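In what comes next, subunit A is part of two complexes: it sits with subunit B in the first one and with subunit C in the second one.
The block that comes next holds the complex of A and B.
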């Protein structure tokens, strides 16, 4: 376990091996026999689950949480809770085309919504991970995903048909997520990620107008604290890949639907780190593809310059230790048989 | 107007876990009531073997994807309201339904029955209630 390797790789540097960053999320609850809901509501369970899973997976870094409902809930969206999944957002306050200002929505403080639980979880978890040389990574919701939570699916029509309204919502989202970034800085997270899965679902021009400007406040907060910034996107983001590479973060992460050779070349061209992209369902959950073979293919494509081995997205609740054990076995086998090129040892 | 409804299949990772999948589902579930009466829709999560089967059967390429009448119409792109209406109208079983759909083009998404509609479409069925 080596925190610095993860930081270096996400900053696009050469590393002695590809660091490993499992986004375990509610899978941490599974490993301590807790329901996702109970886990997410209890700081002590979060600390126990995250540290247990980090050790089990020999992680170089692990997210404190992978839950994109935190910001939405902190500004007033209702949640539906699940035993084996992250909560889903069930109400959209801006869906009647009222702006956050008209609704009187406020940028969260550390006392808003679930933040007190998360701050306490961070306080308890950080020393446990530090003792393992594992980075505690803070992940907050990205602007377009938060805008979807606030306005519902209409935001994808509004970015074309009602641009002033969409910009008002996104501006508020930018302020909300910058506050989240500051909370994670205050917790001591060395790496902070902006997770914006729905940003893959829009055209490149829309990404440039409605995503890129609204992550800048968060990036500024992270960089001002000397932290490492990453942007995580899901789905087939081929059409916005250049936008992702140039968004301003040190690195990014993508999911299993992309060709990792293409992603690697794009990341290196733009001098940023990249992470991905173990197959969540076919390999890790269902075992229809060998998790070991899948991990070896990613390691071979990614190499050891700016590459972080990671799942395609957050791990489903019940991914087993056996499946993930195959990934660890692949990492060991790869390190033994394909050590980093000598020129990386400078 | 035909009694046959327009079939919509949404191929997802899991609409609870994946926000992009969730909003693909919501794009259908938030269609106004008049449109709801002309469509049948279902979520196919690739976390299940049935979902993998449907993905293969429809020759899916990426997740999430909205399929209308078995065509992969919105692969990895959450549609605007009017685009959805237009694509459904193109594939309606008869001219009367197509015209009825196009007459609802200006109505816009409605959110009052989203949760109820999502449940009917099987959203979250691969997830346990807390």
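The block that comes next holds the complex of A and C.
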């Protein structure tokens, strides 16, 4: 495994091979025969699951958690827990159009919500991953997704009808996620990601007004610490691709719906790294497409300049080692047949 | 004002997410003595069909679609009370819900609205609906169609278990699935009967399923 390859690729640099970054969130629980809820509540189980999975997948980097409910819970939202999935946010305190300030919501500390568990999990997991030369990646919720947790569906119409309210909610969210970024810096995460799935559901002008400004505090925290920043977005984000490329992070990651050739060209045009986009549903979960062939196609499109091989999104709980084994086979086959192809040849 | 002009005004108000414009056009249609059912189907629903096309072309996104739906509802609030008893016919009975483990409902709510406007009687089970509840309710209301939505790949996999349960309880029920991760290949693999890529397509698909069953 090679942590530095992952860092270099996400910063848009040429690498000797495409590094591999499996987003194994609660999938880590599966590999140690634990339910997702039990896993996420126990630092020792998180450390065991993440390190076991990193080794199993020969990961160059792996998230400590892939759970976008952490921030919402830390400011007071209730959660519904599942045996085979991350928790769902079940209450939306700002949905009655009261601002976070009016509700008395506070920016979390390391003692808020689940942060004590996560901080301890990070403390236990870091040395295990360091020993494997695997980057421990901190992923926190993006501002628009967090705003949708706090305000519910109304945030999508508030960005038209109640702009001051939307901006106030998002300003609060930007402070919350900057705190998360700092927590992950303090844990020693070399790469920190801002995960904002719903941002693909707005037009470019809305993204520019309601997303871009509200990730900057988090990016500042990451860069001030010398870390590598990435912005992860799900869904068909073609229309906001330029916004994503210029948001200010070192790199970004997209899901399986996009054309990787197009993404690659956009990323290189803007000098940023890009990750993606193995087909979670069609290949890794359902096997309608061979995971091996899907990986080869991604490796061929992505190349070795600023490209990180990764799934399209968080792996479902029960994705098997066999499916992922096919991805590893593809990586080995590709490295053997196309060593440093073609960009690193001078 | 001629009917065609009022309908165009209504259509444009929906597409322009103009609640007030939709409401005023609906009031004018009633004042002029025109058929409210025509206003609903050709003005309001017609506007949402255009919205659906704009969504497919990625000119409209979730916020715009939601705002258009609000405008349509503003017009519906005026027209619905004036529908003649016979006009509130049912094209069929539908159960709809978001699959167990999933709490996303934007798409499901838009589909529900389109089906109601399209003449279907819709029982909305909400979000995170246990499989057993889908089955019980489908049997209880004698559903023609069960609509199941999911936003995430992880929860979509639950549909694979749910569909055989529904078919066992009633082999004639048609199952329509939808949501961000659902594709035609998955519809086939899960042995669902129907699929709509967007809310705009759902009424046509639902009518096809009911006709196929009869």
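One rule holds for everything that comes next: the second predicted complex is superposed on the first by the 341 of 346 C-alpha atoms of A that agree within 3 Å, B and C clash if a C-alpha of one lies under 4 Å from a C-alpha of the other, contacts with A are read in each partner's own complex, and residues count from 1 in each chain.
Criterion: a residue touches a chain if its C-beta (ideal position, glycine included) is under 8 Å from a C-beta of that chain, and two chains touch if they have at least 3 such contacts.
As the structure is a prediction and not an experimental result, all values here were calculated from the model.
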Check your understanding: Overlaying on subunit A: subunit B and subunit C, fit or clash?
Key -> clash
Review point. For A:90, is the partner it touches subunit B (first), subunit C (second), both, or none of the two (neither)?
Key: both
Exercise for review: Decide which partner touches more residues of subunit A, taking subunit B and subunit C as the two options.
Suggested key: B
Review point. So, does A:316 touch the first partner subunit B, the second partner subunit C, both, or neither?
Key: both
Exercise for review: For A:308, select first, second, both or neither according to whether it touches subunit B, subunit C, the two together, or no partner.
Suggested key: neither
Practice item. Based on the superposed arrangement, let me know which partner A:206 touches: subunit B (first), subunit C (second), both, or neither? Key: second
Review point. When the two structures are overlaid on chain A, which partner does A:145 contact: first (subunit B), second (subunit C), both, or neither?
Key: first
**Study point:** Which superposed partner A:236 touches (first subunit B, second subunit C, both, neither)
**Key:** both
Review point. When the two structures are overlaid on chain A, which partner does A:296 contact: first (subunit B), second (subunit C), both, or neither?
Key: neither
Exercise for review: Using the superposition on chain A described above, determine whether A:47 touches subunit B (first), subunit C (second), both, or neither.
Suggested key: neither
Practice item. Kindly classify A:65 by the partners it touches after superposition: subunit B alone (first), subunit C alone (second), both, or neither? Key: neither
Point to revise | On subunit A, positions contacted by subunit B and by subunit C | key: 80, 82, 84-85, 88, 90, 153, 156-157, 160-161, 198, 201-203, 235-236, 280-282, 285-286, 288, 313-314, 316
Practice item. Could you please specify the touching residues of subunit A with respect to subunit C in the complex? Key: 80, 82, 84-85, 88-90, 153, 156-157, 159-161, 198, 201-203, 206, 235-236, 238-239, 280-282, 285-286, 288, 313-314, 316-317
Practice item. Enumerate the contact residues on subunit B facing subunit A in the complex. Key: 13-20, 22-24, 26-27, 30, 46-47, 49, 52, 61-64, 75-82, 108-109, 111, 114-115, 124, 127-130
**Study point:** Complex interface listing, subunit A residues touching subunit B
**Key:** 35-37, 68, 80-86, 88, 90, 92, 95, 145, 148-149, 152-154, 156-157, 160-161, 197-198, 200-203, 234-237, 257, 280-282, 285-286, 288, 313-314, 316
Review point. How about subunit C: which of its residues touch subunit A in the complex?
Key: 17, 58, 60-64, 66-67, 70, 101-103, 105-106, 128, 152-157, 180-181, 183, 185-186, 189
